Structures are given as structure tokens and as C-alpha cells.
Amino acid sequence: MVRFILRRAALGLLVALTVMTLAFMLTRLSGDLAISIAGPGATQEDIEIIRKAYGLDQPLYIQFASWISRALVGDLGNSYFFKDSVSNLIAARMPITMTLGLVGLGLALLVSIPLGTLAAMREGTWVDRAVTVVTMIGQATPSFWFGLILMITFGLTLGWLPISGTGSWQHFVMPGIVLAMTATPALTRLTRSGMIEAIASDYIRTARAKGLTRRSIIFKHALRNAAIPVVSIAAVQLGFMLGGSIVVETVFALHGVGFLAWESIAKNDFPVVQAVVLVLATIYICLTMLSDILNALLDPRIRST
Amino acid sequence: MSIAISLPPVRVRTFRVGNVGFWIGVAICSVVVLAAVVGNALVPHDPFAQNLNNRLVPPFWMEGSQPDHLLGTDQLGRDYLARLVYGARISLLIGITTMIVSGLIGTTLGILGGYFGGIVDDVVLFLITCRLSIPVVLVALAVVGLLGSSLTLVICTLGLLLWDRFAVVARSTTMQVRSLDYMNAAMCAGASTPRLLFREILPNIASHLAVVATLEIALAILFEATLSFLGLGVPAPLPSWGLMIAEGKDYMFFSSWVIMIPGVTLFIFVMGVNFVGDGLRSLLGAERPR
Amino acid sequence: AQKSSDTLRIVFRDAVPNVDPYYNSQRTGLILAHTAWDTLVYRDPETFDLKPLLATEWKLVDDTTLDFTLRQGVKFHDGSPFSADDVVYTINLVSSPDSKVSTPSNYNWIEKAEKTGDYSVRVKLKRPTPAALEFFALVVHIYPKAYREKVGPEGYAKAPVGAGPYKITKLESSASVEFERFDGYYDSPKGKPAIKKLVVRFVTDAATELTELLSQRADWIWNLNPDQFDNVNKVPFLQAVRQESMRIGYLSMDAAGRTGPENPLTNLKVRQAIWHAIDRQAIADKLVTGGSRVPLAPCFPTQFGCDGEAAVKYDYNPAKAKALLAEAGFPNGFEVELVTYVLPQWAASAQSYLQAVGIKAKISQLQVAAAIQRAQKGENPLYFASWGSYSVNDVSAILPNYFAGGNEDYSRDPELIKLVQEGGSTNDPAARKKAYAKAIKRVTEQAYWMPMPTYVTTYGFSKTLSFKPYPDELPRFFLAKWN
Amino acid sequence: MSAPLLEIEDLSVTFNERMAAVRNASFRIGRGETHCVVGESGCGKSVSALAVMNLLVSAAKRTAKRLSFAGEDLLAMPEKRMAQLRGNRMAMIFQEPMTSLNPAYTIGSQLTESYRRHKRASQRDATARAVKLMGRVGITAPEMRLGQFPHQLSGGLRQRVMIAMALMCEPELLIADEPTTALDVTVQAQILRLLNELKDEFGLSILLITHDLGVVARVADSVSVMYAGEVVEHTTARQLFADPQHPYTRGLLSCIPVPGKSQRDKPLGSIPGVVPQVSVGFSGCAFRSRCAFADADCAGTINTQTATADHNYLCRLTPTRQKELARA
Amino acid sequence: MNSPAAIEVRDVRQEFRVSGGMFAAARHVVAVDGVSFSVPAGRVLGIVGESGCGKSTLARLILGLLAPTSGDALVYGQRLAALDRKARARLIQPVFQDPFSSLNPRQTIQEIVSLPLVAQGSFEAPEITRLTNEILDRVGIARAMATRLPAELSGGQRQRVAIARALIIKPKVVVCDEPTSALDVSVQAQILNLLAELRREFNLTYIFISHNLAVIEHVASTVAVMYLGRIVEMNETDVLFRSPRHPYTRALLDSVLTPEPDLGIPDVGLGDAVPDPSRIPAGCRFHPRCRMAVERCQREPPKPDLAAPDEMVECHLANQDNPFQLVGGQYAQG
């Protein structure tokens, strides 16, 4: 166990380092950062001063090394635009994104597990086909578009839910639904195929031969096995959701990390962009690790080899 | 890393008529492809010709429409039908080129990892993990935002970012095919490594890749639409459907057709591509990749 | 919220990361600054006259010396009294490069400030600065020295204190700001605010923002898409108002060959062809709408020194444009990149006019910051952008930016540089006018930098609100009231 | 002879109304008797068994003239009642011990489940019974095994667990569908021995499905030979080996190399061709395409012939006639 | 015996590293552990043993599909490791167990069968066609089937195709890894007969793997019994079946169920211990299941006792007089 976690942590660190390098290179794509920090109307002298002040006059590898070494101890630098430390910024906004991600994931699981189970139990019937079509609709709907439609319907026409911002739990309903929609198709399909596989399996036949009730066969024997991959993938999905929350946060004006990233890109505020990429990657890495552990805990075959 | 998928032995099945969804999908895609190829020859308007005196004309089913602008005009007085049809070309171009770029990268990596195993596979797995840990929308936005949007850049960025699924599927299917006895038999028959890769493995994982490819096309088109929506997709005046939605967004309350028309078209097309993918999956007997 | 609870709910699209007026460069930030802070002088938005605010009197001692006499009995929001120390502290702080303020060019003409009495201050300028008082009116907001020194810059940004008509009661970085009427506010030309509370939120997406307004969850928004004007007016509980602003669009051409010496744009005839090719009036009337004008000179018409008569005029004449292109050796046109961040439909429109005479312009639609960065690096052959002169009603807030050899100067014309510097180095109005007229003539003759239509700001707000917009793009909520 | 426990008469199963998997199969199993169904792959053995248990998939349709268990009619029996029989009075074990146990639950919980349901017993009693039975089926350290998961057990142990599970409610009938095919020969022998012992001990009737004539010879009291969905020969085990009647049975017996008796340089007897897939509406003898003696009449209706009182077979030709033809 | 052995295996050992799941360290599985034998040309070596004892691994080693961890496999005196794939193909060919996974589902029968020739690269197209047709005729596949896909064939036909593919290049040795265990008995007989005919006709050497003792007895001239990665006994078929010397061979033979009614089911007496190649017991690897085991068996691994080149047993008790309490005794009785 310890060994496994150490190995995974080492791999995670390696991945994080690679992502860091990529992120660093990415933000240097655009060339001279001093100019964008200086802002409109700055003179050549201002720019030179800024270049010195931010250490941008040093060779690239030195900048990179210093960034990495500081990032490793948790110092992600300062935002040029927000005039605040990046760590503070991200820490202040992470709760919103996390809430959003968890709400989205919760909703997605709440929808996809029953839906997938239903489809699998009625495999080949119109119910199954309807579920398939629904998942495909979910897959084909651009999330920003869906967000706008929800906003018009529930925010404007019906006036049930607040449209943007983060004041209360109601504020997370629509964004959560939109985010859930991005994960639901995959999770539904996974549940469905897992359930179909489970239902067709020998151990279900055994259970039937034992004369168990239908409910116990489906819920105790089949769903338990079908849910293992779903639950463990859910952690990974959460990682994807956090990465994909930019759109939702922009549409619903949630000032979370995704939105922060988007703002920073627009403002060329590269320390923030770098840091967000890094933080999201790190979260993803941790989540995959969590997912593996979860998988192992749920699946006795992995747990006790 | 839990990115292995399982699949049943590849079975060759003959195409059966009867998968309704598949044929609906094929029909939708054919229409779009046709529109992309010959559409603009049929529509009497230039998709780029503006007429500021004739802006936001509603489509034919609404009051105030004009007979020669079937779907009306946009905020610059450009014919909406012409732009929609031209947009098919752009969206298709983005979808297919991205799919090819990412397909080449992903399939190569996946097959190499799956076939050679060992260190090669470790490297491939590492690359896949790195790729998966990068938030796609964010990085795509950053690249396009920093370098300035252009069609080529959008395609390259998406192509370089969306190969993970190809790699995962190619890798796990290759691994499974590799362990089958016909691979052993071919090795014993003296077949060279390229022959093994191209004649024995590739045809047998092709159906799985085909399914991924269709999904990738749909994904790329949606991603481009998202980038466009966030203002960093294909640059104007190229009418990609995503950009048309983004441009029409401000008008959604009062001239809802400007967002409905491209939105619905995009939706139907992506649906169609997904139908084809889903149909292929069941017709070719390929397991659904995650 | 709203009228019943005497709260005005305002939504802006452009979020302010830091409400400290000196540490953001956004228009929204400027608006918030004028709500919670006071400057030394007040510029009357109706007449553009300068009135006493925190300073009761001022005097230009010589070309580079300004004396201010300060108002007595003024209190900051935290109750501390206002005095010369605060002014000296603020001015010396922001004019020093170490302060890392967001727009150093707004303050780099200041040498230093000295306390000459408890309520009098002397400011030394580095060079003659005709628009100095305009700057003092618009961008020099006064800090409470003692408080800011106590909490430090970061603490100040989180709980700022000013001497303006409203005090900030709640602050969520780049998400929302809440204001409450400051009851200790002195008797100022800004007047006592009529509305008790302001709640400002930031919603980036225009469609979302409009939804907020339509669903009556917001009372006031601005910068609506001009096409929305009539529609919003049709909504029973809303009104839309437009007001031309001091912001003008412009199309800059790389006459200096900064993007490459062989550039077609270095050819005068090509530039003239472009001036003739674009129907700017049509863009003003059909796209910008609401009374947008096409300035003759490269500046906003009301600005001091903006002499339209001095400009060479170009009509919309595609045939002539084509002929000029042919003469210049480009009978089939050429390809060029058009960098921009303005509304896509405007850029697209310009592009299609150019297309019509054979110039194939490839649009690079960038974010503002990225576009500006490219412009400053000299990488934009054609550049469609806008400039609001910081609402300073003087050409010295615009011409030096583009024609004095700076980063965004794409003409690099020594003669022009001399003229612009001449106009900025004296305080004598006649001399300035003369120099600027010459400069304007030179710019238009050489067809360097083409003014595009002026911007018209569209406001949408509740019918229960009485709000008056001004051309300086500075909504004054302290003047708004419920009907 | 008392009334048989399980009576099957003219059982037919079709899939999707196209494929005839079982056609007019009839056989009986007496109390305390072991009946083997033997045949090649795909001939309908498993489907017949599942039809008895009413565990067929929805695509399958079962018809029969008579299908009764201990005098009760299974055909008209509602699913609820059937579920009460299953695992209680009639139990079934399957070929694949590797996959027939739910990987997510412990052996203990799976063993006790049916006992608790059918006998309304407490977990405690059920566990006690499970421990007892596990000891009986030769599982060492049963208490330890209760807490283990299926993947921690070897194939032979899992099959023992399956048997214990089937015996939990003291069933009258045990259906074993190729219970040893997936196991090694040494384990196979142990399992079959165990089944034999249990039969005597519990008075079980066993329906054993296999394709191994060796197994049939050693454990069966009576045998049904199936071919393409039909029971082509039905008799006692001794009769079958001493005097096989159907050409297919004879062919089958000549195919298998018998240890100690085979001659290496002489080819094995073999049946040409492959087992056909039979669709609905097929008539005549399904074996005729592979039969050396077949003629045009074999396409007509074939009647069951009786050799001795408990020896039926499905062929037009009497053994004497077959021998004549073979000589010719 | 002067001619070089067709196959000579010297002390090969094959280890696999298997990850022990998420929470356990990787384990080493010793699938084949120091196996040596040689097969003279024209003979059939039968290998029996229970599932997982390393039969297939041994086959793959001999085919050159695996490089042994140590030891060496020689075919006609040539080291497999030193040969390239093409040369190896001319010497040795496989027939695998599962007729469904051993044929590429996307290639026609023609393509599949001709692959060894095509891969050689030295055959002209017409010749390939001719040879393919010849071999298809020989294994009893109608030429009309040549353009079909494997999915359209029955299991027996597929196995014939696999045999045709193995023989088209006229190899000297064929390794058959359970070629009939996926087939029905009636078809199994067809395939066994075909293999026997072809062996005589082409003068082939076979390695024939099966877990069916009856089949092995029928086809093999020499039998090797494997247990947990080692050959524990090897002898002429008749001798081995008549007088097995290793207790495991004994148990295997005892558990064969011949189609003779009334014999009952033998008591093999092996207990329920499971052989696990990742945890090979100390001493004699069979001792946990051996009813004859003495104290020495737990300590000391027995040495192979070589009576003749192809006669070997590995048991401490093998040379004692009448060491076993014979049970059942169907073979011993003759």
C-alpha cells in the first residue's frame, strides 16, 4: 500500500513537473511579457523598469528554475493584474469551483446511475434506446448553449433561480446542472454497459438459480459490480469537470478558478495561467490516485491480492 | 492508472440494415458534407458580402422575412443561409483535420505502447497521463489567446490536445490483439514487425479507432464552438457555427433565430456524427471506449 | 433590492481585480473610484468646467508648478480628517516608479508634491503639462495617509477608505462591491447621493448580463450592443439611453514600415486608397448608431486643439480607391493582416469594405491586452482599435500617444513628432492650437491614422431610475435617483 | 419404481422464433437417481436445463407437453412460486466456477443468502449450516473461507463452494451443468466423487450435463444422448456402453481414444462433418448428413424406437439393419 | 542416435513478473523452471500436466515467441535466439488451441494460409497460389472457401486452416498446443487423424501438448509430465502409462475416467492444496499434495534420475522397490 502510494506519488510528481514545464513554455509563447504588464500607454523606460523588477531580463532557464523552485514550496508568484499572490487568489476562488464541481458530479451520478441501470435492465427496448438518445443529446449539446437556455428558462421566463453570482445554494443549481450534463453521458453509458455485463454474467445466473428476489439480484448483485468502475471514474470525472468549468463559470459569472484562468488569459497575466494549469493538473493527478484507491477499496479483487 | 478498457474479440459482422440511428446519422452527415462541398455554389449569396442596410432580416417563417434571404441575414446583413452552408465547410474542416492530427498522434503512440510494452509502454502511459492532467479548454484558450486566433492554430492546438482517447483505445486494443494467437502465429510465420503492425494489428483495431474517430470529430467541433464562444476560436469573418452562436449570443433575446439556427444546426450535426459513431460501434462490434 | 429597498443593483462586465484606484487600469475601476474617492478638482460633466472638490483653489505658479489650497473639515470614511499630508503622500507615492501603479503614464509628468501648509500643497511638474488639471480631476484620487500606512497596500485593497460620496461596505475581489451612502460627506459639487446603497456585481458575459437586467435582477447595465437599444426600450419596465462618448475608433496603418520595410502600407497612395475605401459614415449610422460621428481629425471633436477644419477630407469612393491602388502598383490589391479587439461586427465590416476594393485583410481578433501588446511591439500592419483619452478633454491625451514616436506610433514622422511635442510643451492656448492644427493636417495629408466613428455608449436601466449619462464615459451614480 | 421426480416430455426451446435449440426432448429422472445428458457443444444441453429452471433469457421460448417437478406442473407455475422452488427444492451449479460467484461479496454472504431467504433463517443459523456443509464438501478451514472473496479461492474450491451453496436448502434435485469441464482431471475426479457421495447421503436426484462419455460411464444411472436439440438415445448407462443403438452414439464412442486400448498407428473412428444448427421447421433426422447409413427416407418423420423397456432411440434403422449396412 | 535431435531444450527457465495488484509488490512467477529434454527427428513428444503448469510457456519458448530467462532451446542444432524470424519459420511452426483466436478475423483463408510464404519474401505470386491450393486440398478445405473469412468457418475447419498455415512452408517441427481441446469429440478425432497422417507424410516432428491423457497416449511416442514448471517424469509412452514412477503421474493416470461403467470414481488423493507458480514450495515441489511424502521431500528437491536419454523421473522415492501403494490400478493391471 505504502509502496503503491509512493510509486504513484513519484509518477504524479513527474507528471506535475512535465506539466509545469509545458505551462511555463506556454506562457512564454507570446514573447515579451514586460510590455503586457506595463499596460497600454507605457513608455519604453517603464517597460525596462518592469522587466528588471519582475526578473524578466534574466535568461529563460534561470526564470524557469526560479519559478519551479518557488512553486515546489507553494509560492506560485504574484499576479501582475490582481497585484496579489497567486496562491491567495487561487485559494480564495477554489471553494467556488470545488462546490460547483461537486454539485455537478453529484447531480451527474444521481442521474446517470438510475438511468444507466434502467437502460441496462430494459436492454434493447425503447426505454434503452430512449436513454441512449438522451445521452447522445447530452453529448451533442454545447454546454454554453445549454447554459444560456437554462438561464432564459429558469432565470428569465420562470424566474425561479438566480442567474449569476454565488450568493446562495440556488446559485449553484443551474451551473451544476450544466456541468453535470457534460459528465452524465459518459457515466450513464458506463453504468449501462457495466450493468449489461453484470446482468449477463454467470454470477447473476447463479443468483437467479438461488431463487433470490429480483430486487436483490439487481440492486445487491448486479449494481454493486457495475458501480465499481462508475464510482472510481467519478473521481477522474471531477478532475475533468474542474478543468471544464471555465465555460460554465463564464456564462454564470461564478468567480471561481476557471473564471480566474479565463480572465488571466485575457489579461496576459501569465503567472496565474501557469499556476491554474498546474493546480488543476495536480488536482487531477490526486484524483486519479484517489480513484485507484477507491477502486481498490470497492473491488475486493484488487483490495486483497 | 485506470485507463485500460476491455473489449470482446473482434467479430466481423456484415452491415445490417436495421440500425435506424446509424442511418439517420449517415443521412445527416451526408447532408452536411454535401453542403460543405457544393452548398455555396447553390446559394445565391456571398457569405461574406455585407449590406448594412439590410441587417437582421428574420428567416422565412417569421414576419418581415425577405424571399431571397431564406434564413434571413445576420448583424452585418450577410445572408445567413450562405454563412451556415459555408460554416459547414469550416466546422467539417476543423472536425476532420483535428481528428486526423490527433488520430495520427494517438494511434501511433497507442500502438507503439501496446505492441512493444515495457519501457515504451511506460513512456506512452506517462504521456497519456500528462495529457489527461492538462485542462484542455484552458490550455487551448491560453495558446489561442496568446498567439492570436487563426483556423490553422485552432486545428493544430486541438489536434495536439485531443489525442488521448485514440491513444488509450489504440493501446488497450493493441495489447489485447497482441496477446491473441493469430499474432503469435504470424510471428511464427516469420512476418516482419511492420507487417505485424499494419496487417495484423491495425485492421483489427480499426473499427475501434473508427468509433473514436467519429466521436473525436464531434468533440473537436464542439471544442471549437466553445473556443469561439469564449471569443478565441476561428477568427471572423469565417463563419464557423460556434462563432455564429457567439456572434448571435447578444441577440438571443430579441432576434433569437441568429443563435437558434447555428445552435440547432450544430446540435443536429454533432448528434448525427454521434449516431454514426454509435451505429459503427454496434455494427462493427466494437466496445464503447470511455 | 431595487427601489423598494433603496438599493441600486449595478452590473458591469469588466471585473475590477483591485478596487484601489491606482492598481487597475480599467474604466470600471475609474467609475468605482469616483464613487468612493474624491479628487482635488471636479470636472463638471455638463460644461467640462473645473470646480473645487478637495481643493478649493489652485494656481499655476509657472509652467511646471501648481499650488493647491485644500478644503477644511473634510473627513474620510473612517472618520479621520483630511489634510495636506494625505495629498502629499498620495501624489508622491503614485508618481514614483517604485509604486508599480497600473498606469504610470497618468502620473509620470509629476515631479513631486510638497506640503506648504496644513491645507496647502505645491506640486512640481517635470514638464509643462497643459492637461494637468484634467488629470487631477480624473485620475488622482486621494488616499488617507494614516490609514493606508497602517494597513499597508494589501490591507487597503481589501478594505479601502476614501473621501467620496459613498463608502465601500463589502468587497469580494472581482465578484462584487457594495457601497453605502457616506453620511459624513461634505457639501461637494458631487452633491449628496440620493440612493442609499449600491451593489455592484461583475458579470463577464454580455448575454448573462442582459438576462440579469431583463429578469429584473439588475437595475443598471451599460455598453449594451447598440442593436439592443430599440429592443430594450420596448421592454415595459426598462429604458435604454445612448450617449456619445469621447472614445473614438481608429484604424492605424503601418506607414513607418515597422512590420517590414516593403510593406504596401508605406505607400501613401495605398493609405489614401484605404481612407477612400471604407464607408465610415455607414458604419457610424448603421452599426454604431445612436448619433455616432466620424471625426475629421484624429481626435475627439470637443477636445482642445482638435481642429477638424485643418484636416484633409476623404470621401467614401471605392472607385477612386481602386484607381489609387492601381497607381500605387497594386491593381489586384494585396493581402494584409488586420489586428483588432473591437466588436467583431465592426472589424468584419471594415474588412469587407477593404475586400470590396481588392485588399484582402485577414482579421486577427485578439483580446485587448494581447492586441495592445502586439501594437506596442510594432507588429500590427493594420490595427483597428479605440482610444478614450481617459476622458481628458484635450488632444494632449491622444495625439502624443500615436504621433510622438512612442510604441504605438506607426508613422514615425519626425516632422509630426516635432509638431506634437511643440503643442504639448507650452501652456499658451494659441500656440498649442496652431501646432496641433499643423499636426492634424500632416496626419490627414499623409493618411497615417484614420479616425473611425466615435463610440456611443448604450445604457439600459430600470424605468424607476433617473440616470443621466455623460460623454466622458463616467457614470455618476451619486447623481442618480429614483423617480 | 416410484413416481419420477422430474418429468420432461416433448420439451422444445426456440430462440427468436428462428433457432430451434431443443426439440421435443423427453426424459425422466427418478428420486435418488443420477441422470446424465451428454452431447457435443451446442446440442442444447444447457438450454434444456435452464428451461427446467425457467432461467432462459427473454429471447427464448419454451414449450412442452409436460414439465413437472415432484408432481407440480412447472409450465404454468407463476414466477413467484418458481423462485421459491429455485435454490430451495431444485438447485443448480454451473460450468464456470471462476465466474459463477459474485466477485464483490464474501463466500459466507453468498452461501447463506438463499438459506436465509428460503428458510427464513437467521444469519447465525445460516452461517452454522454453511460451515457444516463446507466441511462436508471437503473445504478445509471453513470458518476462514467464509470471510474470503471468490478470487482468493482456486477453481476446485470454488466449485466446492458452489456445491455447498446448492445444498444449503437440502434440495431434491441438483442440476449440474458441466461442473467439472473447466477443472483439471485430478480435481474433476475429486468433485465427481464428492457428488456421488452426496447423492447417497442426501438422497439427491442429480441431472448432470456433460460432454465426456467417461464421466457418464462412471456416475450415471441413466443417460440421454442429445444431438442438435433432440434426445437421440435414452437408456441406462450400462446399456448405452454395452449396446448403443443410434448411429451417432456409436460414432461418438468410436471417436474417443480410450487409454490403454488405443492403437497409435490406427486412425480413430470419426464422424465426418460438423454438428448442424437447426432452425425452426426442420424435419427428419438431424444426423442424416453425417450418417453413413442415411437415405432419402431419413428426411421424413422419425419415430422413437424401443430396444428394451428403458432403452429408446431415435432412428429408423434397427441395429441389425445398421450392422448389415455397415458390412455392405 | 547420431542425427542431431530435432529439438533440444537445455535447462530453460522462464520467469514472469506480474504486478501483484495495487497493494502488493510485484511477484515473480516461475512458469518454466529448468526443463531439459531432446526429441529425435520424426518422434512425437507429448506433454501433459494440469492447468498452469507451464505447458504453453514451454511451447512458446520452443517457438521462439519468448526469450527464456536462462537456458537455451535448439532446433536441429541451431540456437533459436540466433535465428531471425524467417529462418525460424522454416524450421518450426505452431498450431494453437483456440481456433477462434488463432486466425486473424480480418483476413481471408487464402491470406492466412499463405502468410508464411509471403513473409519469406522469396516466393512468386503464382507459386504461392499453387502451394496454398495444394495445402488446402490436403487438409480438406474446399478451394471455394479460400476467399472466405474465418468467421464463416466451423471450429474444426478453422483448425484445419491453422494446420494448413503451419504446414505450407514445410517446417521440420510442429508445436501443437492443445490443438483439439476446444473442439467437439467427433471433430477432435478428425483433427487427430489428420495430424497423424500429415506427420507421416511430411516426416514431421511434433511437440504435442494436451491435458487429455487419452489423447496423449494416442499420439505421442514419448510423454513428459509437467508439474509446476518442471518435467517430473518422462518416458516412452507405453512404459510411462504402464508403470508410472512419479506419484503425480500416478495420480493423473488414476483420475482418467475411461468410458467403462461400474468402475466408480477413483480416489486420487491429492488434497485441495493449489499449486501456485509464484510460491513454489521448498524441497520437492509436489510434496504438499503427495500422499507418499516423507520428511526428506520437504527439505530437499529431488534430482532428476536419468535412466536413459529419454527416460527420467524426479522423485526421491522413485527407485525404491515398489514404492507406491497402487490404487485403482487400471493401468498397472494391464
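Which chain is which? They are A, B, C, D and E, in the order written, and residues in each are numbered from 1.
In this section, a residue touches a chain if its C-beta (ideal position, glycine included) is under 8 Å from a C-beta of that chain, and two chains touch if they have at least 3 such contacts.
Since this is a predicted model, take the numbers as computed values, not measurements.
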Legend entry - Maximum centroid distance from chain D, chain identifier (CA atoms): C
Inset, instruction - Sort out for me whether A-C or B-C is joined by the greater number of C-beta contact pairs. - result: A-C
Inset, instruction - Tell me, please, which chain's centre (mean of its C-alpha atoms) is farthest from the centre of chain E? - result: C
Legend entry - Centroid spacing, where centroids are CA-atom means, of chain A and chain D in whole angstrom: 53
Inset, instruction - Could you give the separation in Å between the centres of chain C and chain D, each centre being the mean of its C-alpha atoms? - result: 90
Legend entry - Centre-to-centre distance between chain E and chain B (centres being mean Cα positions), rounded to whole Å: 50
Inset, instruction - Can you tell me which residues of chain A touch two or more of the remaining chains? - result: 30, 148, 152, 250, 262, 265-266, 268, 292, 295, 301, 305
Inset, instruction - Return the residues of chain B touching two or more other chains; collapse runs of consecutive numbers into ranges. - result: 145-146, 249, 252-253
Inset, instruction - Could you check chain E for residues that touch two or more other chains and list them? - result: none
Legend entry - Touching residues on chain B, where the partner in the complex is chain C: 48-50, 52-53, 55-56, 75-76, 145-146, 148-150, 231-232, 235-237, 247, 249-254
Inset, instruction - Enumerate the contact residues on chain E facing chain D in the complex. - result: 50-51, 154-157, 184-190, 192-193, 196-197, 211-215, 217-219, 221, 237, 241, 251-268, 270, 272, 274, 330-331, 334
Inset, instruction - Using the touch definition up top, name the residues of chain C that touch chain B in the complex. - result: 205-207, 210-211, 214, 225, 227-228, 231, 282-283, 285-287, 339, 344-345, 347-349, 351-352, 355, 362-367, 370, 374
Inset, instruction - Can you check the complex and tell me which residues of chain B touch chain E? - result: 9-12, 180-182, 184-192, 195, 199-200, 203-204
Inset, instruction - Write out the stretch or stretches of chain E touching chain B in their complex. - result: 60, 63-65, 85-90, 92-94, 96-98, 100-107, 112, 115-116, 119-120, 149, 151, 162, 165, 169
